[in-house]
Amino acid sequence: MSKTQSNVQIKKEWDIVGARQMGREKAKELGFGTVDQARIATAISELARNIYLYAETGTITYEIVGDLNKIGLKIIASDDGPGISDISSAMEDGFSTSGGLGAGLPGVKRLMDNFDIESEDGKGTTITAIKWVRN
Amino acid sequence: MSKTQSNVQIKKEWDIVGARQMGREKAKELGFGTVDQARIATAISELARNIYLYAETGTITYEIVGDLNKIGLKIIASDDGPGISDISSAMEDGFSTSGGLGAGLPGVKRLMDNFDIESEDGKGTTITAIKWVRN
Amino acid sequence: MGPFRFNSDNYRKLLERYIATEDESSLYQAEQFSKLSMQNNISPEEIINIHIQSLKELYPDLPKEIDSSLNFLLETMISYGLAYQEFQTLREKQGKLESEISVAANMQQTLLSTHKPEIVGLDIGAISVPANIMNGDYYHFVTDENGNLGIAIADVIGKGIPAALAMSMIKYSLDSFPETQRNPRVILENLNRVVERNVDTSMFITMFYGLFHAESNLLQFASAGHEPGFYYSAKKDEFFEIKTNGLVLGVTNDTTYEQFDIQMEKDDIVILLTDGVTECRVGERFIEPDEVLQVIRNYMHLPAQEAVERVYRHFEKLQDFQLRDDFTLIFLKK
Amino acid sequence: MGPFRFNSDNYRKLLERYIATEDESSLYQAEQFSKLSMQNNISPEEIINIHIQSLKELYPDLPKEIDSSLNFLLETMISYGLAYQEFQTLREKQGKLESEISVAANMQQTLLSTHKPEIVGLDIGAISVPANIMNGDYYHFVTDENGNLGIAIADVIGKGIPAALAMSMIKYSLDSFPETQRNPRVILENLNRVVERNVDTSMFITMFYGLFHAESNLLQFASAGHEPGFYYSAKKDEFFEIKTNGLVLGVTNDTTYEQFDIQMEKDDIVILLTDGVTECRVGERFIEPDEVLQVIRNYMHLPAQEAVERVYRHFEKLQDFQLRDDFTLIFLKK
């Protein structure tokens, strides 16, 4: 298993692909099945794309988490962008943030097991999501 | 092309399969693509299953219809069963008639291009649906 | 061919049989399998995965390109899986909302319900049926100590919840007018101000208000743009349209209404209605006024309540049991 | 890697590249492809079909078993395709319903709006914020010719559209009582009968009604099971709970209410509220009564309107901007 934390900078659209790839590799290493690997990659896609579109630059961080009983992959997407002024709207279905093309944040929440968002107007956004390996 | 009208009697569950098969063959002969063949078979399944479950016996009739410009397959499902007392409810999404397993009549309507229903309380039901070959 | 449990072994077995025989029976079972998997909240991308696993078990030497191609397909299904999950959430939400609306509709029915009074020498029939769950039509009877009868009939232009709220407003405003001041013209002028003040300009309310004097058999009335009713004169055996004029409620603050009257005689009938009766649609065409009167004529010899119910049932059937608009009909028979 | 049009050629090209390279970039584009196909209302079974066609073009000698297996997969996707189409219908329906509710909410706001009166020697602040779109809390001020102030504050137990309808009823009933008869006890007894007659037994309404006499500074009040407010005595620099008793509205027809009074003195404050204030939840725990009073104390030196707004903003933040219940707060400062 590689070191427990690593990250990918998001600056251009191409970096979204890099972030997905890193996530998929980590997921494979941890023993996630094909479907979950694809779900994790899609969630990262969404998060990285949000950074690219709205904050311009930011970071996707990968962390292996867990205890004796379970193990999982934590994805942290953080940026210093404009922040999300209305979080409860952004978490509503149908209120897509990627110009109608995305599954939006509710999609990320569905793809992963845990989901947390912190955002302050003008001070950026940090989204943390975990997926647990199914036994 | 075979004769323009034929039919399958529905008396037992096995007849549903026969009705689907006949429908799929007709559809293939008429030049429907694979997806439309599967849709027509599914619609017939639904109609035949309704007959089997609620009217016990009935008939699925196949008719080739059209004019110089278009050609299609007409499916007529008729029975002398108890009839549908509340047609508008039966045509509502989520009000499934096959014990939660079916796509119900709204499903048949979506799978086909034209849809018509006539039913009288205690006097049976006749459902007519047409699918047109896409050019 | 009985019911089977949802699991991937079943899928593999069905798939194997289908590949061997290409029979319709396996496809029928494929359909049953997919319905069952939907009942178990299995997403479409999981079906693709089950397909891949089954194929690998059946063909351990599956060409690498095929395996690879199926992974690609699985990837395209993830978004569809999300849509499928959103669908399930939405269906729950919709169910809740619908039950909320049906509670509100019940409440509205209680709130707006009116008691049909017994007036000596006047036979009253009234029916009001909503096209959807909530009724945007309204009628109301009120009597004073002298046995005079006030009759309101109204129609909100607009449907659903906003229309229901507007109707509650009309009801409570009407209730709040003192019993002694039941002059049709004045009532409409007061209501007009209430509506103008409280309701969005995009919502209009039409209303007819009548006051029947029990002793003199005089019906006084005024109308705020409401669908004209009919007066049947028994002596002439003829129907007359009840002509009025008057702006719908809520347009301007200072609208005034003109008051009219009809001297009712024995066996005469006053017929009040909303446009859900006269603009009844049969297929693509609207019904003709003469047809409406012919139907009324067929039943008007019956007791008033039975008559309005028969007329309603006639139009319900004519419209294939699918009302396009709320339907309200009142008969006042001398 | 720019945007591309939706067509099956694109799918084939992407698939071909992925089979050759197995690179993440193709999978990213697969995701984009599927989102685009969803925008074009392409059903999942059509994606399977595009996949089959692409594979046949890439491998004209595709093994018969593989072809056959994919047809089987396609068959299982037909039901999912139906669910997908139902989802689109439902989304439209939901959109309509939501806009209907928002129109109704706007109307409710207009209908229930109250004018905050200017009373010499009394500083009034009031705020009411719904947790969802429609407000199930209600407050109302009314003055008579002697400058006395009637204050109503109410909470429907129940949310959404039915609660909104119930509140309209309360508002119109209140409006219909003659101005001269503003005795709190009598008002609650009358309202109780209206609610009992008109509203389903599963819906309860709590209400506090107060009458402030401008000349004597006496506040008379009665409560129908409403959340107790607080009385701040400036002389003692202490808060007292405003103790009352009385059944919620609508339980039995003949409920009677006890009337209490408070003699207000200079700088005293009467604080009226709904349980959305006192039962404010922070994470998993309810806030303590002392914490509520501490927050009130922090802002009560401000002008009454500013004070209630500051208290609201404090609790809004504490609850992560997600109210669990409608929030209504009134300050009456001598």
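Note that the chains take the letters A, B, C and D in the order they are written out, and that residue 1 is the start of every chain.
Keep in mind that, in the parts below, a contact is a pair of C-beta atoms (placed from the backbone, for glycine too) under 8 Å apart; a residue touches a chain by one contact, two chains touch by 3 or more.
None of these values were measured; they are calculated from a predicted model.
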item: Chains touching both chain B and chain D, listed by label; value: C
item: Mean-CA-position distance for chain C and chain A (Å); value: 46
item: Chain C and chain D, separation of their C-alpha mean positions in angstrom; value: 26
item: For chain A paired with chain D, centre-to-centre distance based on mean C-alpha positions, whole Å; value: 30
item: Chain C residues counted as touching two or more neighbouring chains; value: 27, 31, 35, 75, 78-79, 86, 90-91
item: Per-residue multi-chain contacts in chain A, two or more chains; value: 38, 41-42, 94, 103
item: Overall pattern in which the protein chains touch one another (line/ring/star/complete/other); value: other
item: Touching pairs - complete list by chain label; value: A-C, A-D, B-C, B-D, C-D
item: Chain D-touching residues of chain C, taken from the complex the two chains share; value: 14-15, 18-19, 22, 26-27, 30-31, 33-35, 37-38, 44, 47-48, 51, 55, 58-59, 63, 65-66, 68-69, 72-73, 75-80, 83-84, 86-87, 90-91, 93-94, 97, 100-101, 103-104, 106-108, 110-111, 160-162, 164-166, 168-169, 171-173, 175-176, 198-200, 203
item: Touching residues on chain A, where the partner in the complex is chain C; value: 33-35, 38-39, 41-42, 93-94, 103, 106-107, 110-111
item: Chain A to chain D touching residues, read off their complex; value: 13-14, 16-18, 20-21, 24, 38, 41-42, 45, 87-88, 94, 100-103
item: Residue ranges of chain C touching chain B (in the complex, touch as defined); value: 1, 24-25, 27-28, 31-32, 35-36, 39, 91, 95, 321-322
item: Contact footprint of chain A on chain C as seen in their complex; value: 45-46, 49, 52, 71, 74-75, 78-79, 82, 85-86, 89-90
